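Labels run A, B and C following the written order; every chain starts at residue 1.
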Amino acid sequence: MDELIKRAKELLEAGTVKVVIGYENGSADKTRALFAIEPKDADKLIFDSRCVMNLATYITKAEVKGKGKMAITATLPVMRAIIQLASEFQVNDSNLLVLGITPESKMIEFKDLAEVEAFVHKYTIEIEAKYSEKLEKLDKMTPSERWSFWIEELSPCFKCYACRAACPMCYCHKCTVEFNQPQWIPVPSHDLGNLEWHMMRAIHLAGRCIDCDACYNACPLGIPLNLLTKRMLIDAKEHFGGYQPSIKADHLMSTYKPDDKDNFIM
Amino acid sequence: MTNNLYMPYQMKVERITYEAPGVKTFMLRFVNEDDQNKFDFRAGQFGEYSVYGVGESTFCIASSPTRKGYIECTFRQTGKVTNALSDCEEGSIIGFRGPYGNTFPLDEWKGKSLLFIAGGIALPPMRCVIWNALDLRDNFKDITIIYGARSTKDLVYKHELQDWGSRPDVKLITTVDPGGESPDWKGEIGFVPTIVEKVAPSSKDTIAIVCGPPVMIKYTFPVLAKLGFSDENIFTTLENRMKCGFGKCGRCNVGKVYVCKDGPVFTLAQLNKLPDEY
Amino acid sequence: MKSDRRLVRKGSLEKLFEVLKGDNRQVYAPFSRNGRTSYRKIEKFSDIATDYIQTTQSSKEVSFPRTEKILDYSKNADGMSVKGIEPDQIPQIMLWGIRPCDAMGIGELSSIFNWDYKDEIYNNRLSKVTVLGFSCSKTDEYCFCTSVGGNPGNTEGSDILFTQLGGNGDYLAEILTEKGEKVIALSPELFEAAGDIEKEKFLADVPVKFSHKEIYGKLEKFFDSEEWVGQSLRCIGCGACAYVCPTCACFDIQDDSHGKLGSRVRCWDSCGFSLFTLHTSGHNPRNVQSARWRQRIMHKFSYMPERLSVYGCTGCGRCSRACPADMNILEHLTSIKEAAL
């Protein structure tokens, strides 16, 4: 990724951006986020198939945003997240420059977020076959089997909220789980509280989740949380004609139309 | 279990006093007489007050340890628990565990003058010490109280303010922020630090006890320094977020200090050594 | 007491497991699920995971569960009835297969729960736990027990420490406490006389990266360092590190209410969460992640040694393995050691 390093250095040297967010080699065989502030920091930038963390989660973090204009190494899921964030007024052209990495691992620098959006729209969000199979299996279960499946999967959750922290769309300073008047979601981790927390989180991501699997990858306990959000994607497709992040789109969960289908009501 | 640290005393809300908008004082009596006989505390200590099904909230004991048989607490309705407490009626049962924390060293202050400076809802932790000192009035020289609130209606303990104001052995100065005065207001108008500067109490053999919102404290300390108070003779209380009250839950840890165990009472000299995380 | 050394045949472990399981005792052992290994109640010997360097979660849940009742209440016509948790409701636990770092962590955790105020709920649970430690023959780049006063064959905290004598070999059992002796008494025939065995030969080699005393000294003057900001920039502020840590004890107290009945519970919390220290007034003493990350390190390597005379880290490396942002405590401590003041 010499091209990426070169461009990052130029941007930092020229002062076009104050920080370049990318990947560097981490512990063991992992990669981690790099925040290049000095041009020489950019030498550490890498890109390969191990770089799966969704870096868009950092562009709403106060300490990172506070550095000034950001440039970000963005794979397709990161670009999708950026567009969704732009549609929610969390990021804009004045504070973010996107150094895109195409699925073919080529770098493209985008002039603005509109160009990023156009690029993103070339690809639809497709659920991987291995997940489709799992979801189909879940669909075939009886409600009580499905209930048991989720209770068992979610019961180890100790509510570290790594899923929330790693998710680019979970940028609220105070999450529903932290509002206590009324106490929507119980604070302690137990079967019912865990289920409520993950259901609530999934619903909040309906029509916003860009299917990057960051939640699942972040979970220290390996809980397949992304099955919930992927299911939401399928529902969005069936009921609302699919989901594609768009800067100016109406949001699925906050838009009401008189001809909306109401078959989601059980 | 005999020794469950988290087991509250059952307390009956015996009397509710409306102090100011959103501010109430509860007089609490122990449901179990045995608990009451064993219970003891010193000025400055605090406890965890709870409404079953809602949770616990931390505040000081606002009554004086010299008044036996009951405790009082004063709280402002702000969060989940204080809202639930506010819904309690006379006769309700609530939980209380404590006392926790260190105390104002009244014994060491014998023979000295005391200057109390409080703002808004921070009078309660001081009220405990004020009554404690007044009940042992001969132990101290001059007692001066400077108390300010945003407006006249935000002044708490209005009856007691009258009582203190009419005592010949107490000098009471009350103030409200500019614009907070009512037409019949006879006290001072101005922010607490300004009034302290104007009143200019002597620092000779005097202990200053300061409780109030952070901004009031921040501007009052330099005034006291100008008046000649040493950092060792200025006392205040910290009100960090707490859950357990006895040094385990980790919330109130500031540097090497646990506010619940090492505080809540600190001298300015001690605060100066702490990192700015309170 | 001086440890009694015995030999346990590899084939006898299962028999021992069966003996331990009986009679009002539960065996907690490592169990793999979703590619992660955690402790849980095990019924079948074959369910015990063996192929792991370190479990994802520590074993602290046996004495400090993530959610634990501290009292039950019920509202009735006569008023309020409040009941504590009785010690006899707590089961006897045989904690099987914990690493020496975790066993050492028990003492560190206990020091918090016994600092002046003795936490009887915690102590009662712990009193019912028998610790069957297993020495480490394998290690990875996250391990640093030897830098914080431990080692792969450390006996501290275990009631019996088993060391496997080679890849497929028998076990040396060091019986270290009365609780350990009680285990032997359950099935003495499984514990044969051990000859001269050089245990060290079979232990993993964990290189010393720093001395915790050195870190302690450095931290005395390090509070205002810019290093915290740089280190924590990639921290995403979750609680994974604290929840997998054997010594992190921060907790919350919450009421779990179901109509007229309910419980007050103690549940895990983390100093890494942005709202951990938030006052009701809106003021937050640690309002940036760098301050929260600093708190984590300072608490373990400066405040705990100062106040409790123990370090709050066992070098197990779990926090680094679990971190979704690849924060690496060993790397961060090493860079604190090397940073200029």
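The criterion applied here is as follows: a residue touches a chain if its C-beta (ideal position, glycine included) is under 8 Å from a C-beta of that chain, and two chains touch if they have at least 3 such contacts.
Please read these numbers as outputs of a predicted model, since none were measured by experiment.
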Chain closest to the assembly centre - both centres taken as Cα means: C
Most distant chain from chain C, judged by the mean position of its C-alpha atoms: B
More contacts between chains, A-B or B-C: B-C
Distance from chain C to chain A - Cα centre to Cα centre, in angstrom: 32
Whole-Å gap separating chain B and chain C, where each centre is the average of the chain's CA atoms: 39
Centre-of-Cα separation between chain B and chain A, whole angstrom: 47
Residues within chain B bordering two or more other chains: 79
Residue list for chain A, restricted to those that touch at least two other chains: none
Contacts with two or more other chains, residues of chain C listed in rising order: 252, 254
Chain B to chain C touching residues, read off their complex: 1-8, 10, 50, 52-56, 78-79, 82, 93, 95, 213-214, 239-241, 243-244, 246-251, 253-256, 258, 261, 275-278
Residue ranges of chain B touching chain A (in the complex, touch as defined): 79-80, 83
Parts of chain A lying in touch with chain B, wherever the complex brings them together: 180-181, 183
Residues of chain A touching chain C in the complex: 26-28, 30-33, 35, 53, 57-58, 61-64, 156, 158-162, 164-166, 173-174, 178, 186-190, 217-224
Chain C to chain A touching residues, read off their complex: 33-36, 38, 56-57, 66-67, 140-142, 229, 232-234, 236-240, 242-244, 252, 254, 256, 265, 267-268, 270, 273-275, 288-290, 320, 322, 324-326, 328, 331
